[in-house]
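The two complexes that follow have subunit A in common; it is paired with subunit B in the first and with subunit C in the second.
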Partner chain A sequence: MTFYLVRRVAIGIFLLLLMSAIFFTLTRITPGAPVSVGENPRIHQDQVNRRLHSLGLTDANGNPYSIPESYVRYLGALVHGNLGDSYQYNEPVTTLLMQRLPNSILLLGAALLVALGIGIPLGIYASTHQYSKIDMTTSIVSYIGVSIPSFVLGIYLLLIFAVFLKQSPLHWGFPLFGMHTGGVDDPLDLLIHMVLPVTSLAILQIAIFSRFMRASMLEVLHQDYIRTARAKGLAVERVNYKHALRNAILPIITLVGIAIPQIVNGAIITEGIFSWPGTGQLAFGAVVDRDYPVILGVVMLVAAGTVLFNLIADVLYAVADPRIRY
Partner chain B sequence: MSDLLRIEDLHTQFHVHGGTVKAVDGVNLTIPARATVGLVGESGSGKSITALSIMRLLEKNGRITQGHVWFHDRDLIGLPDEEMQDIRGNDISMIFQEPMTALNPVFTVGDQIAEAVRLHQKVDHQAGLNRAIEMLRLVGISDPKRRAGQYPHELSGGMRQRVMIAMALSTSPELLIADEPTTALDVTIQAQILKLMRNLKGEFGSAILLITHDLGVVAEMCDSVAVMYAGRIVEQATTEELFASPKHPYTQGLLASIPRLGKKQERLHVITGSVPNPLAVPPGCAFRPRCPIKAPRSDRDIPPLTANGSAEHLVACWQYE
Partner chain C sequence: MAQVPPLPIGGATGGLPGAGPGQLSVETTVDQERAIAQPGVKADELAGAPELGFWKLAVIRFLHHRVATGALLILGVIVVAAVVVPIITGNLYSIQDYRHPYKAPFQSFQHLLGTDELGQDELARLLRGARVSLMVGILAVVGYLIIGGGLGALAGYYGGWLDNALMRFTDIIISMPFLLVVIAVTAATGGVRLSTVIIVIAATGWFEIGRLMRAQFLVLREQEFVQAARALGASNTRIILRHILPNALAPIIVSATLGVSGIILLEAALGFLGYSIPPPEPSWGNMLQNFEEYLLSDHTYLVIFPATALVITALAINLVGDGIRDALDPRQR
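So, the complex of A and B:
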């Protein structure tokens, strides 16, 4: 197990290095620059040159550093935990990330919990009541849910709550934008602000979890050991919720490991739509402004998170399934 | 001997794509207390479905349409689910053909045995586990305390079948239904498992319904035998009687197909043809298409199971009419 963990962490670090090289290159070869006369005709080329030099993108003579050269400098700083300073905010990227990460974790965590809390029971119910009305409905609705990207859903939610329901008694008065005014001191207000973004992020995952859970349960329910459990005289509920569920839930662990980066991806746009001050919104703005250090910072954070959660999922799998030993 | 279990005119049907399969079509069978009764027949003859019907463990598309299963003086067929659960694993236990898949992979074998004990004997966790360890010792597993804490994948096929037997007998049931318990095992392990079942039967006093397609197993284990073909019992007798003077052409064919040591045979006897399509069983006797005798009337009417020679020897064939 220890050897396995060391090996996995080493592979993870290698992957992160590889990704940093790829994304560093990609951001640099994207057309456009953080400052240019083309975008802002009111500034002089001299000012642009000075700004590019002060950002560390050009040398004293105004010649841009080569990509490998700047990448090595970026890595050198990264080793010391320095992700550079944002061009836009004039603040260290780490500071920006740390300010916004808790907000994102709150939103994404809530979306994941909601998705698991609804998707898993729904899938279990559908499997133990196969071909019932609820099973059929779940299948159809989740099919639709899987097909709608969360950012499209977000816009529709906005449209419904901000436009269609505005004058109707059905307008529940959800605050549509922003996070909260009272901060964590006003949890109820915070909760209300979370409803729409969490909904738009969770729907897709509810659909995935319920479909997957249903299929997994149905497969297990046809196994011989389920018949053995019934032959012992166990009640149907105990057979379903102890013997079947314990086996059927195993693949869900891996699925959650995959779902986390998916939700993070969805959040980049969803946070933008609902003005949620998280890392997704930060990333969205950074791409628009060509704020290279911030883009890279967010990408590396998400990449590290993905590697980490996959590792956690694999370790949990080994804990939950006695057949798997590393 | 008093009757422990009496199956009366049992009919079990399956709804499948393309129609209804009469998997069990009017079976009568009596299992006396402490007896070992063999139920033989080839795949698809309905022997496993008969067993699952007794336990009421049929898949969703299967239904018992007619008949009674008397256990002592209670009819299992009409019993409410809760009462049936009290009987399953307690008064009647079952072991299955595939020991590799019959145990739940995520629970220790000790826990799986203890679960049945706790459920039916209302004892606490530790008492259940102690009983499980004791049972593992009884079925000949060495170091039972350590084995009880292991998972099924850590045990061999033969050991898993021993675990299944331990689980089935842990509540001292009056009837043990063993559905092809040795079919999936190596020949040497088969002999060990059969010997174990014989020994434990003496110890626990359970009756056994032994389902098999292996007449050798029957000869070794059973007091009496019923031969099934296409959902019906075609011959029933004491084991000795059946092997000495089989009366139904199907039984005769089965016995003739056993290779014998020391007897020079060019080829093994085969019963020509194959089991009828369960969706289109011929009218009259289902065995007629493969029957060397083809008695008159067998093309129209199903032969009833009637006493022939002695009251214990029953045959369903028109040639003895």
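So, the complex of A and C:
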């Protein structure tokens, strides 16, 4: 187990290094200098040079670093928790990320919990009542859920709840745009602002979780030991929820590990649409404004998170399922 | 899973070695087979049943699937409209009718679905956008098939370093925020041209089909019919192309179909972020770019049309894909 852990962590670090190298090179060979005001005759060349230097793009003499050289410098700074400065905000990327990370974790965590809380029971119910009306409805709705990208879903939700129902008693005060002002001090306000983005992020995962849970549960229900349990005379509920569920729910752990990068991916646009002040919105803005240090920082954060969560999921799986040995 | 063709020598147990002294040896010819067919069955009666190949049967099974057939019809209408109508309307999609911006839909035949903020005809833009979506979807999937199919087949057949490289590449891609990857690569390779978008999507998204192809080849290369072909002296190229590939195709076709809808949604997301085809040209993604304006000014139809077109197309493709899956593999349900 220890050896496995060490190996996994080593592979994870290698992956992160490789990815950062690729991304760093990509952002460097991108056309469009960060200081394009260089063409503005009113700005003195010295000022441009000073700006380029302060962004870490040139050395003290004004000579630009080569790509490998600046990559090594980037990595060196990364070890100290420095991801460079944003072109747009004139602030360290780390500061920006740390400001927004709690908001994102709140939103993504809520979406994940909602998805698990609805998707898993739905899948279990659908599998124990196969071909019932609820099973059919779940299948159809989850089918549609998979076909709608979260940004279109977000737009639809805004359309319905913030525009169409504006004049009706069904308008629960979901704001069209704007951030939550009260923060954690005003939980109700926060909640109202969270409903639509969480819904639009969670629907896809609900669809995936319920489908997976149904298939996994059905597979277990058709195994011999379930028939044995039933033949012994155990109640249906006891067999379903004690014997079958325990085995069927295990693969969900891995699925959550896979779901996290998916939710993060969806969050980039969803946070942008709903003006949720998280890292996704930061990335959304950075993408539109071509603020590469920020894009790079978000990519590194997400990649590190993904590697970490996949590792945790695999370890948890081994802990939960004694049949698995590493 | 794979369709394994029957061994060239048949007969329920007859061909098995050690089945008895009076039985057949393993080497029999077709004529011998016919000669020892069950009494009362004439040789030609064996071939009497209507011969329906695997693909013909699949088509019949698909057409029996009502939902999938309906989805195929809808998809057909969309494709035909996207291909034909823009030829007739020409550059109507980019003509700016300054006197009629924000014209409501279903009011006149001149602008059936209304106009946007620049007075451009919404219907013409939708159909032109459909072209973009379908073109990106199909071309990028062709890219998936060439890169993923090719590398997956080689990795599965030969194994070795190529196999390892394929698996590691997949690991990297999976742990990256895909959207940001595509954006960064698009930006780095010279920005927003449709050809770049297609190439970038194809170059970063092929791994799923690659893995599928690899898995197919891993299983199939151990099968008896491949050993038989090798024993007969077939070259590796011939084995890959003529013997394994046709048997590996079924899941690849399904995955490719579903891939088209995934790419269309991805392209829309890119267009929405301004990283796909640039503005005078419409795409379903960039038609949604100003959704805040449309929502705030209550011109909701400008949001509803492209979003719904996107969802209907993606849904139809997914349904067709699932129909193909059921048709190609009736056992897996």
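Everything below uses one rule, namely that the second predicted complex is superposed on the first by the 296 of 326 C-alpha atoms of A that agree within 3 Å, B and C clash if a C-alpha of one lies under 4 Å from a C-alpha of the other, contacts with A are read in each partner's own complex, and residues count from 1 in each chain.
Basically, a residue touches a chain if its C-beta (ideal position, glycine included) is under 8 Å from a C-beta of that chain, and two chains touch if they have at least 3 such contacts.
This structure is a prediction, so every number in the text was calculated from the model and none was measured.
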item	value
Clash or fit, subunit B versus subunit C on superposed subunit A	fit
Partner chain in contact with A:F284 - subunit B first, subunit C second, else both or neither	second
Partner chain(s) touched by A:L188 [first = subunit B, second = subunit C, both, neither]	neither
Subunit B versus subunit C as contact partner of A:D224, first or second or both or neither	first
When both partners are placed on the shared chain, which of subunit B and subunit C touches more of subunit A	C
Touching partner for A:V299 - first (subunit B), second (subunit C), both, neither	second
Which of subunit B and subunit C A:M1 touches, first, second, both or neither	neither
Which of subunit B and subunit C A:A235 touches, first, second, both or neither	first
Inter-chain angle, subunit B to subunit C through the CA centre of subunit A, in degrees rounded to a multiple of 10	70
Contacts of A:V319 with subunit B and subunit C, given as first, second, both or neither	neither
Closest Cα approach, subunit C to subunit B, once both complexes are overlaid on chain A (Å)	10
Set of subunit A residues, in rising order, touched by both subunit B and subunit C	none
Interfacial residue positions of subunit B with respect to subunit A in the complex	55, 57, 81-82, 85-90, 93-94, 96, 98, 101-108, 115-116, 119-120, 151, 153, 164, 167
Parts of subunit C lying in touch with subunit A, wherever the complex brings them together	171-172, 174-181, 183-185, 187-188, 190-191, 261, 265, 268-269, 272-275, 288, 291-292, 295-296, 298, 300, 303-304, 307, 310-311, 314-315, 318
Subunit A residues touching subunit B - in the complex, by the definition given at the top	223-225, 227-236, 243, 246-247, 250, 320-323
For the subunit A and subunit C complex, residues of the former touching the latter	11, 15, 18-19, 23, 26-27, 29-31, 143-144, 146-149, 151-152, 155-156, 158-159, 162-164, 176-177, 261, 264-265, 268-269, 273, 283-284, 287-288, 290, 292, 295, 298-299, 302-303, 306-307, 310
